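Down below are the structures I want you to see.
Here come two complexes built around chain A, the first alongside chain B, the second alongside chain C.
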Partner chain A sequence: MILHLPLAELEVGQHLYWRIGNLNLHGQVFISSWIVIGALLAVVVLGTRRMERDPKGLQNLLEFLWDYIRDLARDQIGEKAYRDWLPFIGTLFLFIFVSNWGGALIPWKLIHLPSGELGAPTADINTTIALALLVSLAYFYAGLSRKGLRYFEYYVEPTPIMLPFKIVEDFTKPLSLSFRLFGNILADELVVAVLAFLVPLVVPLPAMFLGLFTSAIQALIFATLAAYYIGEAVHESHH
Partner chain B sequence: MHSWLLLAEAATPKGGLFDLDATLPLMAVQVVLLTFILNALFFRPVGQAVEEREGFISTSRAQAKEKLAQAERLEADLKAQLLEARRQSQSVIVEAEQEVDRLYREALAMAQAEANSQRESSRQQVEAQKQQAFAGLDAQAERLSALIVDRLLAV
Partner chain C sequence: MFSLHSLVLANHGFSINTNILDTNIINLAIVVGVLVWFLRGFLGGILQRRREAVLADLRDAEQRLAEATTALAAAQKELTQAQATAQTILSDGRTRAQSIREQGEQRTIAEMARVQQDAQANLAAEAARVSEALRLETARAAVAKALEAMPGRLDDAAQARIIDRSLDALG
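Let's look at the complex of A and B:
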């Protein structure tokens, strides 16, 4: 009896499959990501509808966010190149943050799917790997477009002994980025689900608050690391 | 009820936590699209607004500083003028006081001189009249004594 007690209800690893041609898609990830993106865009559109010099209400919030993201990007990428990458870093941060919090705060259980269940889009490995690969592409593009082939000097600095490690790093960066985010968010959802299943009242609350905290931290970590990698790629070492 | 969500039930894959499929590239495309949309709707306009405000604040700060400097200059100027005026009025007062003093002394000296001369002349007059009176008196006394002598001698 104990063996099939809690996890049977949690539907881990079940997906709502959509088929387009030969391709399989995880429908629940797209549905929840569209809801989350819709909410984000709604806030942005409402907040920037009438921009004033004395900011009020939503505009204030959006300017605070913009300022926060700019500081993050400028600190990590540097004064010269941060403007080009501000939208990318900001989108990563906002998308991950809103996804994580949406996964924790929106009562997804009210919407029943024939298979799988809705949740944070970032709790699906596909999403996090997509984001991490975008970061990899971004820093390669940033380095190559700014320094041309001299970008590859980075692999032999400060000494050529570093070459294998730097090559391995190119693989570990997306791996760690994607699995860190995926693992944290999925684990948070599982902990809350298991606790809620065992003791439906009060007990899951601390785990939920912790989950909100972790969610915010993970969004910040992902955006900061992405900015740091890009900054590393565009950094001009002084000869 | 939700059958529309299941676009195709046939050949449903087994699933699992690490089930990678076309979700990955599509999600990547979606995020890139979101980047462009957010750039147009959020980062550009808000950045513009913030930077415009920063520019506005720095220019009005500079203007205010300039105005303050001007006010300070004017204040110093006025203070100098005030000091000058005070000094002038002081000297005018001193001059007037000296003038009054001088006039007073002159008038006093004149009055004293006049009084002296009048006193002198009246004294001389008195002296002359006294002399005259004494002279008349002497003559009378002489005459009387001569008369007395005559009478006495005539007896």
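Let's look at the complex of A and C:
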């Protein structure tokens, strides 16, 4: 879809395709994902290389983040099982958060691609669906590994009438997770792009700050809901 | 499978976009600047407080460790003293028990000797009493027998003979 306006061009839905076998990959998502992953790894490695008793600078920041994620996971999953899922929840939160903020703060348009443009990896539906399906797998695995086949009792609690709703929930959970994140981030990028394209200076600023805020909230929501679903699966109801 | 050719074809055309308005670079610079200023105040404050809390916790823990070490040393000293006292009490007790046992033994021996002596004395007294009684009884029996036999045998001639013999004995 290309908008034909007299001033300039705005491209939406253009991708940098990489073909591997029969697969068409969105190359720009991979590039920005690698940059995000590299940045995260670099920060973590740098921050934990010389750890001291006195938490200074990066180490302090990482410890603060760890505390934050641990509190989030413990609140949602519960004291008994949260340690197993802390790395997963933390990875989700940090990857989505850095993706969102990276998409909003890094001047990606300095790099001109032959097709499509760089941006937040989470503005691509493939990324968010992959993350949401991982969450689905995670909560199924969490429930089955902790309770065995008794996990399926959850579908008929408190009454068997709930069975169809709970089955539908298994489909709506990843759907809502992926679409919420994708929609928010893509909408934010589009709003900023359209405003910047109409009035290049100052006017996009409020939208950009709002975008930073919603981006952070979306990362928090995704991680919290993932933890909540896992907590729901491992929760031992009155036995 | 992996078509390098198409990959290269797809990727040719990377370049740097130098259009300042098109890249939105001015707005991004403003946003990053404001964000850095805000985070330095907000997040920096949080991190500073966190660091101070951690350091205070560490100091507290170290102080408690030092106090605990001192208390441990004092308690160990007291333990040593108490053990020494206990040892003294034990050896004193042993000595006293030994002396009490010896005293007891000696007293028992003395008591036994006294009891034996008493018993012998009693025996002797009883024997004396019995032999006295026997003698009295015998004497009484002899006198009775004599008195019984007397009227038959003591006639005038016999009396005269006795008196004569007594006179002879006197003479």
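Everything below uses one rule, namely that the second predicted complex is superposed on the first by the 233 of 239 C-alpha atoms of A that agree within 3 Å, B and C clash if a C-alpha of one lies under 4 Å from a C-alpha of the other, contacts with A are read in each partner's own complex, and residues count from 1 in each chain.
Here, a residue touches a chain if its C-beta (ideal position, glycine included) is under 8 Å from a C-beta of that chain, and two chains touch if they have at least 3 such contacts.
Predicted model only: the values in this text are computed from it and were never measured.
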I'd like to know which partner A:200 touches here: chain B for first, chain C for second, both or neither. second
Classify the contacts of A:18 with the two partner chains as first (chain B alone), second (chain C alone), both, or neither. both
Looking at A:27 after the superposition, I want to know if it touches chain B, chain C, both of them or none. Which is it: first, second, both, neither? both
Going by the contact rule stated at the top, is it chain B or chain C that touches a larger number of residues on chain A? B
Chain B versus chain C as contact partner of A:212, first or second or both or neither: second
Where does A:56 make contact in the superposed view: on chain B (first), on chain C (second), on both, or on neither? second
Is A:112 contacted by the first partner chain B, the second partner chain C, both or neither? both
May I ask you to decide whether A:163 touches chain B, chain C, both, or neither, giving the answer as first, second, both or neither? neither
If we overlay the two complexes on their shared chain A, which of chain B and chain C does A:42 touch? Say first, second, both or neither. neither
When the two structures are overlaid on chain A, which partner does A:187 contact: first (chain B), second (chain C), both, or neither? neither
Just which bits of chain A does chain B share with chain C as contact spots? 16-20, 27, 53, 55, 63, 112-115
List the residues on chain A that touch chain B in their complex, please. 12-20, 23-27, 29-30, 33, 37, 40-41, 44-45, 48, 51, 53, 55, 59, 62-63, 66-67, 70, 86-88, 90-92, 94-95, 112-116, 121, 124-127, 129-131, 133-134, 186
Touching residues (chain side chain B, partner chain A) in the complex: 2-3, 5-8, 11-13, 15-28, 30-32, 34-39, 41-43, 45-47, 49-50, 52-53, 56
Write out the stretch or stretches of chain A touching chain C in their complex. 8, 16-21, 27, 53-56, 60-61, 63-64, 104-107, 109-115, 192, 196, 200-202, 204-205, 208-209, 212
Partner chain A, residues of chain C touching it in the complex: 1-3, 6-7, 10-17, 21-28, 30-32, 34-35, 43, 46-47, 50-51, 54-55, 58
